[in-house]
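See the structures that follow.
Here come two complexes built around chain A, the first alongside chain B, the second alongside chain C.
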Partner chain A sequence: MKRPGDFRIVNHSVPRADGVAKVTGRAMYTSDIELDGMTWAKVLRSPFAHARIVSIDTAAARQSPGVLDVITGTDLASLRPYYGHAVKDHPILAIDKVRFIGEPVAAVVAEDDLSAEEALQLIEVEYEELPSVMEVDASLAPEAPLIHDEAYTEGAFRGFKDGRQASGNVCQYVKVKWGDAAAAFASAAHVVENEFHFPMAYAYAMEAYVAIADYSKKGLTVYSSAQHPFMVRHDLADIFDLPLNAVRMIIPYVGGGYGSKSYTKIEPIAAVCSWRTGRPVKLRLSIDEAFLTTRGDDARVRIRTACDAEGKFLARQATIHLNTGAYAENSPLVCAKAANRIIGPYLIPNVDIDCYAVYTNTVPASSYRGFGSTQVTFPAESQNEELADLIGVDPFEFRMRNLAQRGEVIYPGLRPIDADVPGDLRQIESKFEEWGAVQEGRGRAVGCSASDAGSHPVTSAMIHVYSDGSVSVLSGATEIGQGSHTVLAQIAAEEMGVPMSKVRVVGGDTAITPFERSTGASRTTTLMGRAVLEACREAIAQLMSFAAEALGVAQSALIEECGGVRHGDTQWSWGEVIEKHFKHKDTSIIGRAYLRQTGDLKLMPPFWEIGVVGTEISVDQETGKIRLERLMTVGDVGLAINPAAAEGQDLGAATMGIGVGLFEELIYDGQQLTNGSLLEYRVPRFSDLAPDIHMTLAQNQDGSGPYGAKGGGEGSLNPIPACLANALYRATGARVRRLPLTPERVWRALQERPKV
Partner chain B sequence: MTVEFQLNGEPVSVAIEPRHTLAEVLTRKLRLTGTKVSCEAEVCGACTVLVDGLPVSSCTYLAYEARGKNVVTIEGLEDKNGNLHPLQQSFIDEFAFQCGFCTSGMILSAKALLDENPNPTDAEIIDHLDGNICRCTGYLPILKAVRTAATAMENYS
Partner chain C sequence: MTPLNRFEIHQPATITEASRMLLEHGEEGGCYAGGTELLLALRHRALQYQHLVDIKVIPGLNSIQAANDWIDIGAACTHRDIERSPLIREKLPVVAEMESHVANVRVRASGTIGGNLCFAEPHSDPATLLLALEAVVRTEGESGARELRVDELINGAYSNSLEPGELLTSIHIPVLLPVQRAAYVKYQIRERPALGLAVVLDTPDGGATISQARIAIGCLCPFPRRSAAAEEMLRGSREEVEALIPQAAEVLADDAELIDDNEGAADYKRHLLGVFLRRAVARALDGA
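Our next item is the complex of A and B:
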């Protein structure tokens, strides 16, 4: 395998392929696109958390100037009006009842957006309010009203079991168990047991959800800001009973995703609007509406951890409750991942985890960067730190005693750990030494996480190699800002021996690119990157045989050289080989690769995403305000295809961790979301930037991706909230088990802390 | 009604309604889509354009207010030969964007700062850009890009 230093283009911070488009404003996002004859849709939303729809009167709205149609759930009877890849519980527009404040009840299509907006007010809906459940405990109570009373239908992609056998409002239940935790707790030297709360968070992709649908006899074309176009294609094909080749998803530039744009969101509403009116329809939500569309799962975690007198883990037991909101969306998978990821990168011999995703009458929760890990790493790493103190060893030493070495199995049946986590931790430790003694009023902490990442390894890629030496990469992975189009081009340029300027990545169109399951779980570099590499190798194998044929020699007599082939004094570039093969100009050949769950990708996960971070905070004792002073991330990415882009992912992810650790939280007051707007929901700003930031990459080429690469982009988020809480404890002695660490919460904890 | 103003150095005349925001007129009527709209509440800065050299939130600034003024959008930053403005170049060089949705506003806000204060301290850059949210980058690359552009512009002039 090539090593760092051997590469021409890979492992170099080459400028992003989308640079000029994005700094000049020429990059077109779905929100910028307008089609000929396009109309606009607006959505009427439920004012009730839980209510039966008695009647909807759309007559006046239909008469309103410019209005083409008003659509409600009852108009969709000839379609399959429920969607969901995990559980088919989500109606395109409310049918019979509403399940959260903000749920789409009707859509107006009009010639322009203002006419559509004005007509919304003319729709009369009569509701009969039902008792609602806003929190997990209320939802699990025996007398709780059922949020979903119809049969549970599995979605296409996961085969989830009906969680409602456990209780009427349980969307999903997952158990993870090995060893004998009860016995281990009974004989343990040290046990800590607490309850932790992780907040409801909002991803705030700066471009709100937007879709333009165009339904005609030829099929359905949808422009969308979706991360997983092929998954959305599935839902749309199912809704309209169309063949896959009649549904075309086009994904232009996307203004941020972070998981919040994974799976189907507003595309079905736009599609039914176009289906009814026969016109292209644009549905562009406001950010305030995006707040009502999806969010991250908030969590309550009751957790016990035991270790022996030397500080070796004996057991962990936890009951995790995720508040999933009104619809399953991707929470069944978040539930499964939360249960797995509470282990961390450690060897724990006895484990017993129960995880419940629970329906409530709140905004549906779904994927959000970190995906279950952030929720559970906070309690897990908080307790690890508490145990270290009980044993009386330094937090690094405590972790070192328990970390899995490369090749050790932390989770029976899953891939052994493919990283040097102790080595990563040592990098933080030496940075702390370099930083010297901690100043008065400050606290420092380290944090680790391990996520079974990459999702299901089904990926395909195709490359065209042209007779002029240029190369096109056809990839179904979505460029959501993470830089994947640059990284994939680097891999193709490296393999085909051409400069970056000769490579073009064609993506974002399901009619053109082969299948890619999804763009999430940090998978693109690992899986799509590997598929692109294999497609290049497959193209080169063809080119070698073409060259042998053209030269009339055995293939074994040829030498593959960078960008072409040599035989004696004859030297041909790949382009020349192609032209000689076809005896024609402007010709091209196709290389392809399919990845499936076989071979070295048989063991799940495709890779472990490791998070290792260190933070130093200062705490204002008067106000309780925390400031991040120093941050270090170790991006354990196997090999960084583009180091600057990889570090950019780490800092971006860590900054989201700072947000949810220090101030981000959606707050419900009764049935009402009180801060569903950017005016009240505080995300990290420029002035929150830590004065001292270090980002390192661990490049041990130990991943299953190209050249030993592994994904990044979530790892540096997952341990940050825990790390901040532990740093607060180190600074002040106050242990806070509820995030975010707002000034008020910290101030109260400072008042309540035991006096020394 | 019709409003007339200078847009990226050229006079424009456009029919508007009094309620139209400058962002709507730029992106929908004039189809200059480089200006991005996110929060629509003067919080995020994505929609920042320059009016008479000062940064304004075009999501709430009425188009009517721009009459007779000099409006600069991201499309107006390259020079006549199509060369990138030093800030545009430094944003590429420093990886100061990912999704790019904040980038137009960020660059224009930074331009307003550098036009006024060619040699800002880090604290001044951070303070000036505190009204521009970026959800992707964690800000450090943007800080570096503004520093780099300041140096480049100093050497240039």
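Our next item is the complex of A and C:
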């Protein structure tokens, strides 16, 4: 395998392919697109958390100037009006009842957005209010009203096979168990037990949801800000009973996702608007509406951990309740991930975890960067620190005694750990030593996490190699800002022996690119990157046989060189080989690769995503305000295809951790979301970044991706909130088990802390 | 994004013409003086004006001038104009400093001081400081010109005492005397401050004693206010004043009718008042 230093283009921080277009405002986003004859849709939203729809009068709205149609749930009877990749519980527009404030009840299509907006105000809906449940305990109470009283069909991509149970308001239940936890607790030297709360958070992206749908006899074309176009295609094909080739998803640049753009969101509404009117329809939400579209699951975690007298873990038991909101969305998968990611990168011999995703009458929860790991690493790493203190062992030492070494199995049946986590931790430890003694009033902490990342290793890639030497990569991965189009081009340029300027990545169109399951779970570099590499190798294998044929020699007599082939004094570039093969100008060949869950990808997950971070904070003890002073991340990415991009992902992830660790929390007052706007919901700013930031990459080439690469982008988020809480404890002696660590919450904890 | 309702924009040449336009459109009309608050309210349909009178185009409304011991700021001056004005920086550095921390640079570049005061958003930084500085606002309307104190202009959350057709034309701020020290401090986690506190202290002897104090608080109450009782406590030697700060803060807190909301519980805000009153006094006297 090539090692760092051997690469021409890979492992170099080449400039981003999309950088200039984005900073000069020329990059095309879905919002920028206007189609001929395009109309606009606006959505009327439910003012009730739970109510039966008695009647909807659309007559006045239909008469409003510029209005083409007003669509409600009852107009969708000839379709399959419920969608959902996990559970088909989500009506395109409310049918019979509404389940949260903000749920789409009707859509107006008009010649312009203002006419559509004005007509919304003319729709009369009569509701009969039903009792609502806003929180997990209320939803699980025996007398609780059922939020979903009908049986739904299973979605095609629930994400896993075991432990699927749902009843009443429980959307998903997952149990993870090995060993005998009860017996281990009974005989343990030390046990810590606590309850933790992770907030309801919104994965804010600068671009809110936007989609343009164009339905015609030929099929359905949808432009969208979607992260997983092939998953959305599945839902749309199912709704309209169309063949896969009749649904075309086009994804221009996407203005950030962080989980919020995964799976189907507003595309079905735009699609039914176009289906009804026969015109292309654009539906563009405001940020305030995006707050009402999806969010991350908030979590209550009751957790108990035991260790022996030497500080070796004996057992962990946890009961996790996720507030999943009104619809399943991706929460069944978040539920499964929360259940197993609470282990961390540690060896725990006895484990017993129950995780429930519970429906409530709140905004539906779905993916949030980290998929459950963020929710459970906070309790797990807080509790690990408490145990370390209880037995009087240094936090590094305590972790070292329990971390899995490379090749050890932390979760029976899954891939052994493919990283040197103790080595990563030692990097933080030596940085802490370099920083020296901690100043008075400050606190320092380390944190780590392990996530079964990558999702299903099902993907494909295609490359065109042209007779002039240029190369196109056809990839179904979405460039969502993470830099994937640059990374994939680097891999193709490296393999085909051409400069970056000769490589073009063609993506974002399901009619052109082969299948890619999704763009999430930190998978693109590992899986799509590997598919691109294999497609290049497959193209080169063809080119070697073409060269042998053209030269009239055995293929074994040829020597493959960077960018072409040599036989004695004859040296041909790949372009020349193609031209000689076809004896024609401007020709090209196709290389392709498919990845399946087989061979070295048979064991799930495709790779472990490790998060290892260190933080130092200061605390204003009068106001309770925390400031992050120092941050260190170790991006354990196997090999960074683009080191600057990998570090950018780590910094972004850590910053998101600062957000949910210190500020971000959606607050309901009764049935009403009270802070669903950027004026009220505080996301991190540049000024919140630590003045002192160190980003390190661990490049041990131990991943299943190209050149031993593994994914990053979530790892450096997951341990941050716990790290901040542990640092707060170090600084002040106040232990806070509820996020975010708002100044007021910290101030109260400071008042209540035991006097020393 | 939610589109704005349909409206017509009017660009008057004079204050008189603007006044006439506002009178003509009555409830359906409003002033457009920068739009940083107005456009948000229009997008959320909290306001539904069909006519906007753009007062920024009226000549002379964006000047900053000195006259005797007063500084005169035109109502249409942006926060950025004031923050960068050499005259303000020299004569009223506390105002320049406060303005330089209003919201963010985009808001400062388009939002105006007059719009800020008239809109009477409870989280206004300028209103609190101007109240402590005993600034006077000048208005013009059908019934002539008036001069009002800031707490006469702002009479509630999002509420002002302007009469129909009456416009705020300028803000008149007395220059600080050599014996006066002023400071504005605020506490902010989210987009808007949760607490604003201004002090103006008269000290004839370089900070050893305080002969008179003015304190204004904002953001945690519906509109900025002063408390004569609290101000009375902050007279005497610096030591005496500092000892009474907790009590003065309690008085301020009692006056403020603090409530529990997403910005904090009332008891936390009460505590913050004590912290920031002490910090404001220290900053005024020590400049730090």
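Here is the rule we use: the second predicted complex is superposed on the first by the 747 of 756 C-alpha atoms of A that agree within 3 Å, B and C clash if a C-alpha of one lies under 4 Å from a C-alpha of the other, contacts with A are read in each partner's own complex, and residues count from 1 in each chain.
Definition applied: a residue touches a chain if its C-beta (ideal position, glycine included) is under 8 Å from a C-beta of that chain, and two chains touch if they have at least 3 such contacts.
Treat the numbers as computed from the prediction; the structure is a model and nothing was measured.
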> Which touches a greater number of chain A residues, chain B or chain C?
Replying inline: B
>> Just checking: does A:Thr655 make contact with chain B only, chain C only, both, or neither of them? Give me first, second, both or neither.
In response: first
>> Let me test your reading of the model: by the given contact rule, A:Leu679 touches which partner, first (chain B), second (chain C), both or neither?
In response: both
> Where does A:Ser46 make contact in the superposed view: on chain B (first), on chain C (second), on both, or on neither?
Replying inline: neither
>> By the touch definition at the top of the document, which applies to A:Ile693: first (chain B), second (chain C), both, or neither?
In response: first
> Counting only touches as set out at the top, which of chain B and chain C does A:Thr264 meet: first, second, both, neither?
Replying inline: neither
>> For A:Gln490 in the superposed arrangement: first (chain B), second (chain C), both or neither?
In response: neither
> Touching A:Thr513, do we find chain B (first), chain C (second), both, or neither?
Replying inline: neither
>> Just to be sure I read the superposition right, which of the two partners does A:Tyr253 touch: chain B = first, chain C = second, or both, or neither?
In response: first
> Of the partners chain B and chain C, which touch A:Thr221 in the superposed model: first, second, both, neither?
Replying inline: neither
> Common interface residues of chain A with chain B and chain C?
Replying inline: 208, 286-288, 678-679
> How about chain A: which of its residues touch chain B in the complex?
Replying inline: 13, 15-16, 18-29, 31-32, 34, 203-208, 253-258, 286-288, 480-483, 644-645, 648, 651-652, 654-656, 677-679, 683-689, 693
>> List the residues on chain A that touch chain C in their complex, please.
In response: 113-114, 117-118, 208, 284, 286-289, 622-623, 625, 663, 667, 674-675, 678-682, 742-744, 747-748
>> Quick check: in the complex, which residue numbers of chain B touch chain A?
In response: 27-28, 31-41, 43-44, 46, 73-75, 77-78, 84, 87-89, 91-93, 95, 97-104, 107, 126-127, 129-130, 132-133, 135-143
>> Show me the residue ranges of chain C that touch chain A in the complex, using the header's touch definition.
In response: 1-6, 40, 43-44, 187, 189-192, 262, 264-265, 268, 271-272, 275
